[in-house]
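In the two complexes below, subunit A is the common chain; its partner is subunit B in one and subunit C in the other.
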Partner chain A sequence: MRLSFRLIMAIVGYIVLTVVAIIYLMPFIRSITASFMTWEQAQRMPPEWIPDPFTTRPFEQILGLKYFPVWLINSVIISASIVTAQTILASMAGFAFARVKFPGREMLFSLLLATMMMPGIVTLMPTYALFSKVGLIDNLLGIIIPGLCGASSIFLMRQYYLSMPQDLFDAARVDGCTFLKIFRHIAFPLARPALGALAIYQFLGSWNSFLGPLAILKSIEKFTLPVGLLFAFNRAWYVEYSPIIAGSTLAAAPTIIIFIIFNKYLIKGIQLTAGKR
Partner chain B sequence: MARVMLQGVTKRFGDTIAVNNVDLQVADGEFMVLLGPSGCGKSTTMRLIAGLEDPDEGEIYIGNRLVNEIEPSKRNIAMVFQSYALYPHMTVYKNIAFPLKMRGVPKDEIDRKVKEAADMLNIIHLLKRMPRQLSGGEMQRVALARAIVREPMVFLLDEPLSNLDAKLRVKMRFELRKLLHDELKVTTVYVTHDQVEALTMADRIAVMKKGRVLQVDVADGLFNRPRDIFVAGFIGSPPMNFIEGVVNEHDGALVIDAKGLELPMPTHFQEALKSYLNSEITVGVRPQDIKVFQGKGARGILGYVLGVERLGTESYLHIISGDCTIVIRVDPESKFKEGERIWWVPRETRLHFFDTKTGAVIAKT
Partner chain C sequence: MTPSLFSNLKSLFEKKSRREAIEGYLLIAAGTSVILFFSIFVMLYAFYLSFFSWDFLTPMKFVGVENYVKVFEEIWDGICGGSPFRTQFFIGIKNVLFYTAIVVPTQTILAIILAVFANQKIKGISFYKVSYFLPSVTCSVIIALIFVWLFQKEGLINYFLSSMIPGFAPNWMRDVHYALWAIMLVAIWGTSGNLMISFLAALQALPQEVYEAASIDGAGRFKKFFYITLPLLKPMIGYSVVVGTIGCLQMFDLAYAMPGPGFSTTTVVQNIYNTCFAESKVGLACAKSFFLFAVIFAITYAMRRKFRYETT
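Take a look at the complex of A and B:
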């Protein structure tokens, strides 16, 4: 009796989840299929789902655009710098907060956590004002510099180092390591799973980030992919939207691929930040 | 090689005094065991010697050098952890080589020393493995090899055998002592809560309780001349019997009035106990130091049999006498019935007297 009730609940649960998942996936699926359609078919009502005729013209159009490769490169430069800097800096700072005793450590860490409570949008205007004074507006560095390190990354790394046994670090100290050597030879190599999660988060965040680049980047040749695509869309460079849809699909591709391949890491990252303290 | 000396060392964690004004001297080449129940401050004492904790008070010497301000890596010590603390991402070879590599020892010398240490511990065949591919006993050996490879002046081992199964533990006790003490002749501080381990391995044992060192002595001294009631009760299994009572005078001789039984005092202690007249003391006597008499014409203090605990080669009789339960070692052949009346007599020379308030032994005058 009880078991069959559970079974029914499970079935209902899965149905609800499936429906919600389909609703969420709809725009994705739509943009993928629509990027292989003629514009004429894509705007038909009611919407059609199977490209007929199948065409790669939207891709050819967007890739043929003079600025598309520039935007792509800008996006790559920004993401690569941020991912690299974050993994190195956050893992060092996280290690210090987790395993190095220094005066004021707890207070500094609380301060750091407090910055996590602040929505990014709040700091956008002050940052803008500051950057305009130092010439970082319309400059890729204006996107990269604020992204070099972040409280949540430090927090994630700290949690990971705390989950490692203290004995390992003590053994390394006795074996002749300074804190820097412990970091290099023990902590950093052992933190690979957390670093993987961190790198993926940071890639997704920087690759898809929109508001910051939109505010800070001014000239066409400085745009990132998301900003560039919106620009192209707004300026009505095309009468048809198919190339824009294809461009968005291309821009989203790394995100989707990473999600499929690395979702174990992503879950690991969530568990880390959710766990103790 | 070097001696280790602690002078008035205290370490606090917030309100907890983990180590309380400890004085300890470990002679050059000595095998010293820190023994005590869990939480008494053994590990903290060891970590203080290693430099992994800084003392709040007191001085620590290794050799003739005051090491209070010296980094763990520069103290010339090696440590083996209960968890072994092998580096999980390095092969056994790299684990053993690590302390040498960190000290900038040339590659060919590292190679020679790693192989030498591995040979000594019979783990040459494991050098290419990762720690996760090792059994507990093998990990233990690797941890030891990593410690000896540096030829430290002092060895620190924190419950190194407690994660091994019982049989291997017994074997390793002898092997460890042979290796560290007889072959390498290196000063060793060894932490354990297991008295058998302590008694079989140590040159001397420091018994700790609540952050204090109560007595430092050879095994025989701790067993036969405990200076504190805690030491008396902690060393020996089954533990010493304790009978609490008040010193009284009876027909001109001192006796102890204890919960429903009267214990006559040996003549050689009369003098020492005089000053305790009417105050509380505790009498201690080990199970093997009591004689039991059965049947007619028996003499001694009356008791009733509660039961017999038979452990193969030896048997322990549990009796109640007055309000005290007492454990007595008896001949495994002898027969007792539950509820049977027996008479018991402690061996006078084997009685221990303690001040109940302070726990300190009352010395014969």
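Take a look at the complex of A and C:
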């Protein structure tokens, strides 16, 4: 009885997990295959999964669009700046919150954590109002500056530094090192795993962000990929849908590739925090 | 120890700790000031703006609590069945509450069921994890663009649905009754896999001794699940319900990128966004956003008390 229940659970488990996995993967497979099809074939029902004839025309159409490469570059500039700034600023602050004693440390840290539950729209509108006075509207800097550091990043780095042995830093202190030096020569280089996870999270966040860029970036040549693709779709620049699908596939490709390469890392991070909860 | 030596040491120690404090402030200065400026400071500025009538261009005009009065009038008007054109904020609240009430329980229950199935010796578990996680790393606008295509009347989803339920082929995104449901399905598709991985981790971290003790006492599998597993998962369930609710109440991307006809998919944040950036009523939009903030805060607070989970 015991064994047979296990067996049934395993079989049912495999069936359920596989069916759900197919449902989760279906839209991705569908859009990747459709990107290489003629629109006529992509429309056909029952659905066809193998491009015949194989064509790259959807990609040519979207890449032939003057603005698509510009949107791609804008997205890259924004993501690269935010990832760089966050890894440096958040690890500095995270190290200090974990290992340096200063008055008001706990209070400041809880204040930072409290800011995490503020709805994005509450801060977007006043930020827009301020930026409109200093010329940061329709400017990539208007997206980058508010993203230079984040409370969740500081939290992640602080947790990591708390998990490192205190002796490491004490030894350097005895040798007369300042904390700034300890950070630069010991803490920062040793935090590589956490910095990697942080960089991936920040890349995904900034690459996929929509509300802020939608509000702040006004002219077509300043758009990021999500804003631009939606704009092209809404303006019905194409009679056919396949260039939009190909563009979506291209725009999602960096996040998907990075996720597939680093997934163990990311899932591990989730498991760690979930276990602690 | 002579007093002079003691005071020397003390002053040395004080000097050292003062130096440490200065270094600490230097290290946190840049990051913390960016965060506090773009959260606390701009929030106070938004609160200030909510007492003014302003359109970004002309001089600001102080109007007192008029904006807040307007918010409540719009909600009251909506409750009394006023014209949808004048009560979009109320419609947004109604849609978002309905959306949250469907999406949060569904994705949580689905995630728990999947996690229970995955919590056995499964070969290729990392393949399943990757495919479940994939939707949540993909940009929601891109997901919406793909799903608008899949949800077409002659699209892939209707093809599968009508093969299971003959004759069931709604024109999802063009039908007032189905558009919000389509968005809900996409949202559930997008988050449940991610949640499932958190639940799986929580399941694997449960203490095994409790289960052994229960077996000795003769508890069956279903009893064990309902009397041991679920109660032990309560903090995790609480956390995912609270975070899911906060996210759902602020829903914007999907509703903006795959809009239904009329006001059938209008959300609160969408209405606030339009009030601010399309109608240029900055003060009113700020007042609305504080109303939303208050609702989110109250719900979070109430749920935290109910679930009593520890925040990290």
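Rule of thumb we're sticking to: the second predicted complex is superposed on the first by the 257 of 277 C-alpha atoms of A that agree within 3 Å, B and C clash if a C-alpha of one lies under 4 Å from a C-alpha of the other, contacts with A are read in each partner's own complex, and residues count from 1 in each chain.
Heads up, the rule we're going with is that contacts are C-beta pairs under 8 Å (C-beta built on N, C-alpha and C of every residue); 3 or more make two chains touch, one makes a residue touch a chain.
Note that this is a predicted model, so its numbers are computed, not measured.
When the shared chain is aligned, subunit B comes close enough to touch A:D170, but subunit C does not. When the two complexes are overlaid on their common chain A, residue A:L190 makes contact with subunit B while staying clear of subunit C. Ranking subunit B and subunit C by residues of subunit A touched puts C first.
Contacts of A:I29 after superposition on the shared chain: neither subunit B nor subunit C is touched.
Once the two complexes are overlaid on the shared chain, A:L112 sits against subunit C while remaining clear of subunit B. By the document's definition of touching, of the two partners only subunit C reaches A:I154; subunit B does not. Once the two complexes are laid over each other on the shared chain, residue contacts for A:I8 go to neither subunit B nor subunit C. By the touch criterion stated above, A:A253 is placed in contact with neither subunit B nor subunit C. Within the superposed three-chain model, A:A80 lies out of touch with both subunit B and subunit C [touch as defined at top].
Shared-chain residue A:I261: touches no atom of subunit B or subunit C. Residue overlap on subunit A between its contacts with subunit B in one complex and with subunit C in the other: 178.
Put simply, subunit B touches subunit A in their complex at residues 47, 50-52, 71-73, 77-79, 81-83, 85, 87-89, 98-99, 102-103, 146.
Interface residues of subunit A facing subunit B in the complex, by the touch rule stated above, are 165, 167-168, 170-178, 181, 185-186, 189-190.
Of all the residues in subunit C, the ones that touch subunit A in their complex are 17, 19-28, 30-32, 34-36, 38-40, 42-43, 45-46, 49, 56, 113-114, 117-118, 120-122, 126-135, 137-150, 154, 156, 159, 189, 193-194, 197-199, 201-202, 205, 221, 235-236, 239, 246, 250, 252-253, 256-257, 269, 272-273, 276-277, 282, 285-286, 289-290, 292-293, 296-297, 300, 309-312. The touching residues of subunit A, when paired with subunit C in their complex, are 5-6, 9-10, 12-14, 16-17, 20-21, 23-28, 30-31, 43, 45-47, 89-90, 92-93, 95-97, 100-103, 105, 108, 111-113, 115, 117-123, 125-130, 132, 145-146, 148-151, 154-155, 178-180, 183, 204, 207-208, 210-211, 214-215, 225-227, 229-230, 233, 241, 244-245, 248, 251-252, 255-256, 259-260, 263-264, 266-267, 270-271, 273-277.
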